[in-house]
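Chain lettering (A, B, C, D, E and F) follows the sequence in which the chains are written, and residue indices restart at 1 in each chain.
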Amino acid sequence: MATVPLITDDAASAEVLAVFDDIRATRGSDFINNFWRALAVDSALLKATWERLKVVMGPGDLDPLVKEMLYMAVSITNGCDYCIHSHTAAARAKGMTDTQYGELMAVIGMAAQTNQLVTAMKVPVDEVFLVQSDKT
Amino acid sequence: MATVPLITDDAASAEVLAVFDDIRATRGSDFINNFWRALAVDSALLKATWERLKVVMGPGDLDPLVKEMLYMAVSITNGCDYCIHSHTAAARAKGMTDTQYGELMAVIGMAAQTNQLVTAMKVPVDEVFLVQSDKT
Amino acid sequence: MATVPLITDDAASAEVLAVFDDIRATRGSDFINNFWRALAVDSALLKATWERLKVVMGPGDLDPLVKEMLYMAVSITNGCDYCIHSHTAAARAKGMTDTQYGELMAVIGMAAQTNQLVTAMKVPVDEVFLVQSDKT
Amino acid sequence: MATVPLITDDAASAEVLAVFDDIRATRGSDFINNFWRALAVDSALLKATWERLKVVMGPGDLDPLVKEMLYMAVSITNGCDYCIHSHTAAARAKGMTDTQYGELMAVIGMAAQTNQLVTAMKVPVDEVFLVQSDKT
Amino acid sequence: MATVPLITDDAASAEVLAVFDDIRATRGSDFINNFWRALAVDSALLKATWERLKVVMGPGDLDPLVKEMLYMAVSITNGCDYCIHSHTAAARAKGMTDTQYGELMAVIGMAAQTNQLVTAMKVPVDEVFLVQSDKT
Amino acid sequence: MATVPLITDDAASAEVLAVFDDIRATRGSDFINNFWRALAVDSALLKATWERLKVVMGPGDLDPLVKEMLYMAVSITNGCDYCIHSHTAAARAKGMTDTQYGELMAVIGMAAQTNQLVTAMKVPVDEVFLVQSDKT
């Protein structure tokens, strides 16, 4: 079904294998999911994407679970099926409870609805929001 | 610029004023932002939207700031200008730091990029993600 | 394939069953489609969504078939596969003819095309449209 | 603000003027809105778009106001500001009442919300919807 | 799975067959892909779409492969699965190399990411870009 | 209007200035456009985005103008106003003619329309497209 071949370890070049090794070491797991096997059709794209993702999703001021839920929110809004599956699974693995999942659904459903209404009505931005943002 | 009139307090019906009053009481502020003044062209829609939003964005298992950042993530992905301004301002008012803002940007930028790549390559969902989600 | 379990009647809580009962009574059919069984993972979200949908899609000034076709137009533009299937089926059940379906396709295809061109060219809004809308 | 010049009648080629003339004759108005003046940078694209639009939005089995509201629904979902302004104005000119506008808002807001939820939960299509559609 | 029947040659009307014949003659192949068989439920829509597509994707100043890659870029951004499959196959048939495919992926991934960041930050357009575009 | 401050050279940290210097050296111009001044609120995000963009849009097998037009196609489909302005200006600076612009518009308009129709009709992917892609 993919529009590209999924590169197995046996078919991988040295550059690809080096990225696979780093994914395995970083995650402490032998498993390489299909996204990386697909991206491996272009080793430079694979390397650049993985190295950036590792930093972005790594330790920071935002909680790892919060980052996963933000990733879910974008992926759901973009309608990316694979991403929805993989990041929902990842969020659960990081401790997302059923209640948190329900609240996440409620927030993104509400946002989608009010986004649509605001866009339809071309609501002008309140002065106070501009002021609040400009003082950063 | 709006495609509807923005209803002032003076022009508001009793039903609309009752919602405005509840917004003021809930938020502890006299200010009514333009979204609600625009929605007021249909008092039933105004009431239903506000009452649901009050619950969804109210106390729960997810932190109020996390909810705002999720709202931002969806609004940015949908390209809703007003919503981006209002929810960015709201997140800052709830304590979002510059570092957290930078991390939020990094996550949503990364998600947008990988969503696009996954969609392009039609990556098949790994069995393990399905299993992980189905055991909920 | 779903990222949540589909709640059967047997697995449903009292709150969920009450909503299922109202869906059955409102529609005059014993059938509960999968959307509601999925939403049932969060009974509050299920109840809020159903009660609002019942009002929105209920009797009003717009014809029920027109409402279904509007729902189709949004769902198609958002690329929501399940929604496209369910609302296309619903529109046919409400009497949409093949000719009407063809015209609907033609309008949404045309709109998608001109939306894209307008966005590309950043066409400024004509004064007359603003005036026409502001006199509401 | 536009990324292309808006072609005035004086600057228009014979091919462009012929389309402008047909727009004026078809609409019974001397006014040419900016979309057509922008598209006029490519006379072949202008002609093809206008001739198709004239047919698509012309007489048929769907009511002209319904066609405008469907155009609005797609334009709002795509976030095309110019299109939202022009088609909202057109719908009002064709008789859309405030109540109908409010119902339209309610339907597209509801659809955006349920689209998002369905996409998040990857709800599998019910057999009955497939059957219903396949018997066409 | 389709929401419409796929019209076979045997079930096709004379108008539909005439379009199918032209597709075959233009492409020098007997094969009619499913998009046209689905569109055939409305012969006027089929004819208008095919005749326009033939011109748009026909000879011009842009290379045929470049046109296919542009079509891919839009289809991927819109998340249209069928279109991604058909236009990726078409681009390969027109000579797209693996390296070019990798670069295409890199560009659209980058664009998706910066689009998201720009939208989030509401970056004002630089004067110089307006000037550059207005001098066309 | 921006939701973040635009960092001037005077307000920039050493890390930010180093990126600004590289942008200037790479482009052979003293001008820094607003996107980079906005991104500079997070120096790590600025650096990562610029360094990746420099590679992606740098020399390769795809012509620089083709890359710009692909960037335009994605930006237009995502409705990113700033990006549409900046990349349209960039494509013109790289030699895009008015005829090429017209053809680009025609292709993206056509793609948007057929994407919408395919999505509406849930057209199943032809076997031959899968085969063609799998042999890569």
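Of note:
Going forward, a contact is a pair of C-beta atoms (placed from the backbone, for glycine too) under 8 Å apart; a residue touches a chain by one contact, two chains touch by 3 or more.
None of these values were measured; they are calculated from a predicted model.
The chains touching chain B as well as chain D are A, C, E, F.
The chains that touch both chain B and chain C are A, D, E, F. With centres taken as mean Cα positions, chain F sits 19 Å from chain E. One finds 33 Å separating the Cα centroids of chain A and chain D. Multi-chain contact residues of chain F (touching two or more other chains): 1-4, 41, 44-45, 48-49, 52, 55, 74, 76-81, 84-85, 88, 98-99, 105-106, 108-117, 119-122, 130, 133, 136. Chain-to-chain contact here is organised exhaustively, every possible pair of chains being in touch. By the touch criterion stated above, chain F contacts chain D in their complex at residues 79, 84-85, 88, 98-99, 101-102, 105-106, 109, 116.
The part of chain D that touches chain E in the complex is made up of residues 1-5, 41, 44, 48, 52, 55, 130, 133-134, 136.
Contact residues of chain B toward chain D in the complex are 3-4, 41-42, 44-45, 48-49, 74, 78-80. Interface residues of chain B facing chain E in the complex, by the touch rule stated above, are 72, 76-77, 79, 81, 84-85, 88, 105, 108-117, 119-122.
Those residues of chain C whose C-beta lies close enough to touch chain D in the complex are 1-4, 6, 31, 33-35, 38-39, 41, 45, 49, 52-53, 55-57, 60-62, 66-67, 69-71, 73-75, 77-78, 80-83, 85-86, 88-89, 92-93, 97-100, 103-104, 106-108, 110-126, 128-130, 132-133, 136.
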